[in-house]
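Step one of this worksheet: look at the structure below.
All chains are identified by letter, namely A, B, C, D and E, in their written order; residue positions are counted from 1 within each chain.
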Amino acid sequence: HGATVRMGTEGAYPPYNFINDAGEVDGFERELGDELCARAELTCEWVTNDWDSIIPNLVSGNYDTIIAGMSITDERKQVIDFTENYTQPDPSAFVAVAGNDVDLAGAVIAAQAATIQASYVAEMGATLLEFATPEESIAAVRNGEADAVLADKAFLAPVVEAEADLAFTGDDVLIGGGVGMGVRQSDTELRDKFTAAIQSMKADGSLNAMIAKWEIGEQF
Amino acid sequence: MTCWDILSDYGLRSLGFGERLLPRDNFTICQQVVLIGSGMIWNIYFGLLALVSGFFLAVATAVGKSHHNPMFRKPAEWFIFVFRGSPLFIQFFFAYFTFQSLKGAYPIFTPLTSAWLGALIVLFLNTAAYSAEIFYGALMSIPKGDIEAADAYGMSGWKRFRRITFPTMLRLAWPAYTNEAIFLFHATTLVFMSGFPARSQMGDALYYASYFADKTFNPFIPYPILAGFFILLTLTVIGTFGLINKQLNRHLPQTNRAKIRLRLNLIR
Amino acid sequence: MAAIFSFCSDPASLEGIEWLSCYLTTGKHLGIYWSIGTVLLLLAITAPVALFFGFAGASAARSRILPIAWFGKGYTAIVRGVPDIAFFLFFVIALDQFFEWIRHEVKCPDWDMPIRQGNDFVVCPEAKLPLGTAPQWVHETYGFSLAVLTFAIVFGAFAANVLSGAMRAVPHAQLETAEAYGMTQRQTFWRVLVPQMWVYALPGLSNLWMVLIKATPLLFLLGVEDIVYWARELGATKTAKFTDYPHGDWRMWYFLALLVFYLGFTKVSEVVLDKIMSRLTRGQATAAGEAQRKAAA
Amino acid sequence: MTLNSPVIEIRNLHKAYGALEVLKGVDISAEAGQVISLIGSSGSGKSTLLRCANLLEDSQKGDILFKGEPVAWKGEGLQRRPADRKQLLRIRTNLSMVFQQFNLWAHMTVLQNVMEAPVTVLGRDKAEVEEKARMYLDKVGIGDKCDVYPAQMSGGQQQRAAIARALCMEPEALLFDEPTSALDPELEQEVVKVIRGLAEEGRTMMIVTHDMRMARDISDHVVFLHQGLIEEEGAPDALFGAPKSERLQQFLSHSLH
Amino acid sequence: MTLNSPVIEIRNLHKAYGALEVLKGVDISAEAGQVISLIGSSGSGKSTLLRCANLLEDSQKGDILFKGEPVAWKGEGLQRRPADRKQLLRIRTNLSMVFQQFNLWAHMTVLQNVMEAPVTVLGRDKAEVEEKARMYLDKVGIGDKCDVYPAQMSGGQQQRAAIARALCMEPEALLFDEPTSALDPELEQEVVKVIRGLAEEGRTMMIVTHDMRMARDISDHVVFLHQGLIEEEGAPDALFGAPKSERLQQFLSHSLH
């Protein structure tokens, strides 16, 4: 096998990435990442890092890729490079207490701080309530602090499924341009290797199978 | 857009005045300085109010802890122990949780779940506990002759405390208390970081600094700006506390104070 | 996954205490137990190093050689000014880059590409700290050492302030006497000033220790997993899809456990500090010495 | 409180520091206007006795009466403490002490030191007290040092400030612990004069001193303390003129000329 | 350094605390084995003079010579400081001082206090020093208090510990600031004996005292300080027997019997 590549992830965003019962990184991106590494003939090591400092640490060389459910946006592209996206643009969705009809434009809406969803809520004119973790933003809806929460649909779906008193509300919104792997801009070689691997997975359908398995959303 | 425009648009953004939306692209240094500076309003608000109110509770608690009667001593000891013994973010967590259930039961408690009041209460209790321990330590190192003379002249209770014990305690505690004041101002950065939610993007200096760090992905601009603001704030605190310290130590012979200076003595 | 208890192979069928004992011994929970050790180790190393920095800073601030005095004063004033969290958000990265840059200059003199490429910081592979090929534990150890260094720098500044206050609190007559007996400044410093200053310094230092204990969650900003990270992670709502042990929002219970841990740790610290303090105040003409005497009488 | 009862009365007082027994049963009584001198070698327990009389130290056995009113105790032996705080304060405001180590409050100027207790404890008028304080400071010869801090004064000046502080309380009884130890003979005479004046005003005094001449000059009654017990006591002329106990004879042999 | 030069010589010494001029030109010289007493009223500058001699205070004008070697200065007036730290240390190790307020080191037991300087400054053998320290402590009568802290001793005991500490240095010259102020006459005689013994060994001493009898008994030369100047000096018999200046006559009138 070839060079060692350190894969940086957050480990707190199921189904994309989370820590399983054994204490290891698991989820859609873990499976995907391992497969991509195999195809690109690289040895991969998994590293968890706080969301807030995940890009600075990549840029500074503490790991080589970000594979953490990170949507490709223009802002981010100014600082790091992305591989080709490995999910379709992922819809975000509102969740409120079941049975409550929320007027989203005038409501208090919770979101995780420093996410594209937080920016979106600020722009749509609703009162934004920012929490440090996605967990807290859902808890705010449960206990009435906020009328609704906006987050990735794939993240919310299992929660709504498990809890009867929460339900989707309003229309889904499309923010961001699908999820890709982030690499340093100077690391074009690595980016191309992974893009090639992703393309090959798209071509043989194995990526769609994985997306279906983890219920990530639309397929290619 | 000139820097003046930015100042009028965002100078009071942390309080909800000015532009509704935060800047989203083409970030300038000026924007970062103005917004982070605007956030400092909250840090100063929390720090100052908690410090001043906490001082009184701290003195009372320190006296309670040094009291021979367990009725006063025990509660003081427990208060100090619990608030000094647990991390601030856990205190924020439980306070937020408690305030929420209070609010559920009685609507008058609604303001408690907002940072301006809820977090202030937590910071107030927290700094009171830390300061109380400092004051208690100072109480314990007061020269016994001073207290003895007061006793012998029939000074007791409040009088002895106000005239003899308290000034000496303050003098001895001051350097450590200065540290505590600084820690408190630093701790105010945790309010929106891990305690209370920020509403409509009204946050403190760290909130805006991390907003910019998150948008520009460059930690080397917003955080040093934040650090710069805090250094200014801290120097102000150190300066103010230093003036008070001079006042507290005015009885020490001036010549001696200047004279006894020792060289760097790291190696024996 | 190798479970500790044999009956844990099918968690869904378990209940009550058996479920709990399986739950609490998952690999994830072993992570939090392990991190307790990490935190304790961090404190055990940081405290003496920070004390040393503080001592050096306080001594420097007293120095007669002006540049040294300025350095000491500047260090205590500036470093105390920056919230530790801000330190961890940018200073550590800068420190890390600084080390790598030095290594780069030494190890790769013929490197022709710029170190700053746009936003990226690129040094030659041999200069990376730790090497890109190093196993994960080396990376964690490195992050850990950076954390120790940063904590020591930050808390050293506060310790310096406490210590220089304590040095000033030692009655002047005590030092003067030593000088009168022909002790050199160094001897006066080590034989009289330093032993006597602890009584005045200990309350402030113990406060610093208490603050330091609670600063460990910052470790995660450096990629070192500490107990608070794990408590947040473990306490969050778990849906059946991603775990064999689904549960609701249990952060409350995990935070309670953390609370107990911190309070216990504080208690132990207090007992030890009290012991030291009562040793220091024995026979002294202070309120504490007097209380001690009256209590022993 | 009977009319003729002594102002200070100490009965069978026992006091130990840990295992070290310092006072082993001491009886002393001082009537109004009386001056009692305590003499004895260093470490014999003189300071301790004064401090017990002022209730600064807890004693283990025996009674202390102030104007016939016995101090109320609670607890036994090493646990014995004064029971009544009000009583304690009442006694102390009527009893001023000059400490062997002066114990001036370091954070106050000399004038503040002197004014402190009359103003805060007795609640006297500030302007009046200041006038008095300056008068007493003049009396002991340091009227020009009103605004300096104790650390800026010579030993003798500090001692005089401590005396002025005690005088300014104008208490019924005064306890002096070696009040002239740091003073030259001239000033000592001044202090002796002051003490005489106080006695004439009817104030009661207990004075610890190493100066036999002073003890002889000013006291109505002299007590010789030896190893925690009263070895001998009596009128100064009798005691100094014809000491009975061997120990006292030896002690005095060094100071008589 | 000439052979017969005085051990301590002070020439035209001026010293002020801020605006307060304390010494206004004092000359004193003490030859080997000589005992010089300094008398004078409280606040006249006696302690200040001793402290200047020991270089604990910076003086503004005048010279200080130790065994003929003048102290090197740098700076002028209020900025004048000793220039040579080595010299400073050399002088101080040969010169021990007993302070008016004793200044025992609070964090050390009595024995440690006495042993400290000989061991760390002179680098003497610890076991030997301990033996000597115990000997000196016995000599001043507090051999049983070796292991207590200063705060646990009576005033006189602390003073004796301070004397033992100075003696244990076995220096060429000693400066005593009211070494018997807290001692009873009996102990005072002991101390006088000790001082005589030291003088016989050839050690030089300067003693500040308020005890005229002691000054007369032990000194070779007495200096009367008044308002920062030497008002009169001479052999004790001459000075005490027939004081010339009016001020001294008045001063002594109080202590002569």
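Keep this in mind: contacts are C-beta pairs under 8 Å (C-beta built on N, C-alpha and C of every residue); 3 or more make two chains touch, one makes a residue touch a chain.
In this text, all values refer to a predicted model and were calculated from it rather than measured experimentally.
Counting C-beta pairs in contact, the pair that comes out ahead of the other among A-B and B-C is B-C.
Ranking every chain by how far its Cα centroid lies from the centroid of subunit B, the top place goes to E. Taking each chain's centre as the mean of its CA atoms, A is the chain most distant from subunit D. If you average the CA atoms of subunit A and of subunit E, the two centres end up 82 Å from each other. Rounded to a whole number, the gap between the C-alpha centres of subunit B and subunit E is 51 angstrom. For the pair subunit B and subunit C, the distance between mean C-alpha positions equals 20 Å.
Contact with two or more other chains is made by residues 52-53, 56, 59, 79-80 of subunit A. Residue positions of subunit D touching 2 or more other chains, listed in rising order: 17, 101, 152. Among all residues of subunit C, those that touch two or more other chains are 89, 93, 119, 176, 185, 199, 251, 285, 289, 293. By the touch criterion given at the top, residues 20-22, 24-25, 100, 104, 113, 192-194, 197-201, 203, 207, 210-211, 213-219 of subunit B touch subunit A in their complex.
Those residues of subunit D lying in contact with subunit E across their complex are 17, 39-43, 47-48, 100-101, 141-142, 152-157, 160, 178, 181-189, 210, 212-213, 250-252, 254-255, 257. Against subunit B, the residues of subunit C that register as touching in their complex are 55-56, 59-60, 62-65, 68, 77-78, 80-87, 89-90, 93-94, 119, 158, 161-162, 164-166, 168-169, 172, 175-176, 185-186, 188-190, 193, 199-200, 202-204, 206-208, 210-211, 214, 217, 228, 251-252, 255, 258-259, 262-263, 265-267, 270, 277, 281, 285-291.
Within the complex, the subunit C residues that touch subunit A are 1, 26-31, 89, 93, 96-97, 100, 117-123, 128, 132-133, 135-136, 139, 220-221, 223, 225, 232-233, 236-237, 239-246, 249, 251.
Against subunit B, in their complex, subunit D makes its touches with residues 54, 56, 85, 88-97, 99, 101, 103-109, 116-117, 120-121, 149-152, 165, 169.
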